[in-house]
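The letters A, B and C name the chains in turn, as written, and every chain counts its residues from 1.
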Amino acid sequence: MEFIRNCWYVIAWDHEIPHGGLFTRTVLGQPIVLLRTAAGEVIALEDRCPHRGAPLSKGRREGDAVRCGYHGIMIDAASGQCIEVPGMARAPDRLCVRRYPVAVQRHWVFVWMGDDAKADKALLPDNFSSAHPDYHYLPGYLHYDTSVDLICDNLLDFTHLSYVHEKTLGGSTAIALARPQIEPVVNGMPGLRVTRHVADVPPPPYYRRMRSFPGNVNRWFIYDFVLPGTLLMHSGGRPVEDAPGDESRTVRLHSCQSVTPETATTTHYFFQQALQGESDPQIVQGIFDSLITAFNEDRDMITAQARNLEREPGRALAPLHFDAALMQFRKLWAQALAAERNDSIPS
Amino acid sequence: MEFIRNCWYVIAWDHEIPHGGLFTRTVLGQPIVLLRTAAGEVIALEDRCPHRGAPLSKGRREGDAVRCGYHGIMIDAASGQCIEVPGMARAPDRLCVRRYPVAVQRHWVFVWMGDDAKADKALLPDNFSSAHPDYHYLPGYLHYDTSVDLICDNLLDFTHLSYVHEKTLGGSTAIALARPQIEPVVNGMPGLRVTRHVADVPPPPYYRRMRSFPGNVNRWFIYDFVLPGTLLMHSGGRPVEDAPGDESRTVRLHSCQSVTPETATTTHYFFQQALQGESDPQIVQGIFDSLITAFNEDRDMITAQARNLEREPGRALAPLHFDAALMQFRKLWAQALAAERNDSIPS
Amino acid sequence: MEFIRNCWYVIAWDHEIPHGGLFTRTVLGQPIVLLRTAAGEVIALEDRCPHRGAPLSKGRREGDAVRCGYHGIMIDAASGQCIEVPGMARAPDRLCVRRYPVAVQRHWVFVWMGDDAKADKALLPDNFSSAHPDYHYLPGYLHYDTSVDLICDNLLDFTHLSYVHEKTLGGSTAIALARPQIEPVVNGMPGLRVTRHVADVPPPPYYRRMRSFPGNVNRWFIYDFVLPGTLLMHSGGRPVEDAPGDESRTVRLHSCQSVTPETATTTHYFFQQALQGESDPQIVQGIFDSLITAFNEDRDMITAQARNLEREPGRALAPLHFDAALMQFRKLWAQALAAERNDSIPS
């Protein structure tokens, strides 16, 4: 599996990066050390000392520089350049590490793994609810022992809410039966907008963590799923019986989720689900707990699926109408990869 | 290592297959989901949804059908055919899973991994003591992290009783010194009959769980070991001093053991040892405990042997007279494989 | 990575080899069983029964022979020859296991993995402090999940004392700043003598386990590091303020350390640090505890380095002045390998 490089990948929640310390995470197989300068800038460097390959993250901060914990080589964070070799009057110029472009947007820290010249913040997804006074959430992270594509597939077909999440996010087979509308979209990067309305169903189990409902609700899920693997979703439910214009019992959520390949076979999953106009910490925690339960349901299923697929790598699957969005997304992925390859051919 | 497919493999003890639920076990690298219909029939299906490869065993029963827990595809157990796709008026015919022939014979559930047309119950081994009013046992299962062939080797040469099982099933080097008689046999499938008599030896340690013995015993082991890897054994011991015709202190056991490849490098081991005319639960439990101890002794030794052999795969072993039965059995195995290959060539 | 075979490898501390029992350890990928005869001689045999490959170390001693625990084959320790097969009048001559030359020198047991004819005890390193009335130590062992070369690198450049061992063996960046003298040496096998003097530095944290110091000390590290991977070091410290001729507060240590490849990717590490003229068990234990802490610091760093290097096997490192000794040692290694290859070409 080949990965797109000219795009922003979520590498961390901003609270994960310590003040004065070092944090390491691997993206596309490349270990990266993250730090926050005295001025507050987040910097991402290759986590490998150029001298003998030790991880810089096992060293220590000296101001805005990193000193390798093995032989004391010191790297300037701003430039990636070695600025001190113990016992040498002047560090050799060739000693340096790659610095990756970083963008911090509303609590997500993104890293750019491709051509630096193309690192454009206009390509960031609109994760507005991760920092908006009307929305409240808790930040989530899960690690997957599967490749990223199976998780994208999962997020592109909400049929599974009726089965995988029957007792958490789902609660009705009507979700599976509703046919979504799928259309192209650009939200930073190209992707798909998936719109699914489900009328007159029981409120899903996790809604009851917020309030009680008199009867059925009309639900909606409207999300952009964009390259390389980010979901931005408005969803909600409104009691069927409520009078037109009465929004007092309407649930409105916005969710930001992003998957980042750690390696070809393991994946980072960053997520939140924000509740509009509801800041009660117990309810926010309840929504988060439901999400964790549900996303573990996904992970169990996807991991079991991955193990089955690994047994017979070449064997065909059987696409059904559910798979329209995910087949289209894989085409977008292939197009982006092809474009990258063309870009890198010198003219 | 290549496996015979046109034969019955033990896949489970019948008590392992729940009423109303699903049970999964892998045989010859193929995950298989087992279920029991309302009418009581045991059915084996490939444990892989044809849609996107998720294990059906993570789904749920709906009557005698299985609904996949990922996207709700429903598979009829009797036919393996998909009978419902959520949101489709009619399920596509091409959606189906393989159903494997099953035989249930006296608490062992067998599955047929080869050509359905050849699945003949006359090929089942005679495991009579697994359901016989005069015999009492407890059912055993162990998992091996070794290939099946090394376990067959072990069961085909009881020399090891004197050394591996000195303090459990053995108790005397006379077992190793006695030369067994080896002859061809058919017990369902072709195999070998191995007969070993050992005169005037102390009763083995585990006999003392049944009763006390005044002095030495004459022991015997008469077993069929048949393809693909099933042992059916009469064994026993009779006090040397007992008068002709006095069977009051004679021990008579019948054991059924079967090894099934899970993968090329891991194996399922199903076993029981039944005591004739003895139903005292404490004694039956004592025999079972001795067997578990002894079979763990085997597993420790065989696993250590396997790790040694893996270091130098091509290196020769040194066959001795002990190895007569196991060399003959490997010939039978090779013949069966060759016959299968010939059968599958279209004329 | 290719290993030198015509040399002595430390395989055990002599106290590890039981009286009357069997001990197993793997060297250069070859499992070896060690035993001590009734006369006290230590013998090393290939830990693999010639019959069917079971480890002899799972068998038992019968006098100075080993009986395999699987089928009772008995091997004479002195010759490696099979001397009994149960049920055979005479064991076949072809049944034998390789016996490796062994040398026991001052609590280290060495094994020779190459051409027996070349096994010369004059090639043993001078580990005198492992059995000397003026020196006291405790014996240490660690297991590494890395190849041996990265550990040799570590031992050949003490720059890392200032960073990896800042709070244990180091205590000052002056160690990193001091340039060592490097010269060829023969200590049994060829190697390098590395001499480093560090003037007027605080006593390292672990010195304080021995006594208190009024102020700074002058330190020295003088060690031979010889093929295949043995360090023999005199080190010490003397208070700067002490009058000439006053040695009452001088610390004098001698350390013997040796790394032995278990496999291409795992390593045994044997070590001691002996204190001259100090036998107080609490102080000896304190030195040992400091060493364990420090050698775990090394192992953490080297293991992290190894994982980084494994990601991109071909990628270049950037040698610096620190690396003079380790580059020279790798040359000696390559020369020894080349000489071995020439020796084995029949003329």
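Here, a contact is a pair of C-beta atoms (placed from the backbone, for glycine too) under 8 Å apart; a residue touches a chain by one contact, two chains touch by 3 or more.
Owing to the predicted nature of the structure, the values given are computational and were not obtained by experimental measurement.
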Topological distance between subunit A and subunit C, in contact steps: 1
Copies subunit B and subunit A - interface residue numbers shared by over half, same or different: different
Inter-chain centre distance, subunit A versus subunit B - centres from mean C-alpha coordinates, in Å: 48
Subunit A, residues touching no fewer than two other chains: none
Subunit A-facing residues of subunit B, complex: 29, 31, 47-48, 50-55, 58-59, 67-73, 85-88, 92, 94-95
Residues of subunit B defined as touching subunit C within the complex: 153, 157, 159-160, 162-164, 173, 176-179, 300-301, 304-305, 308-309, 311, 315, 317-318, 320-323
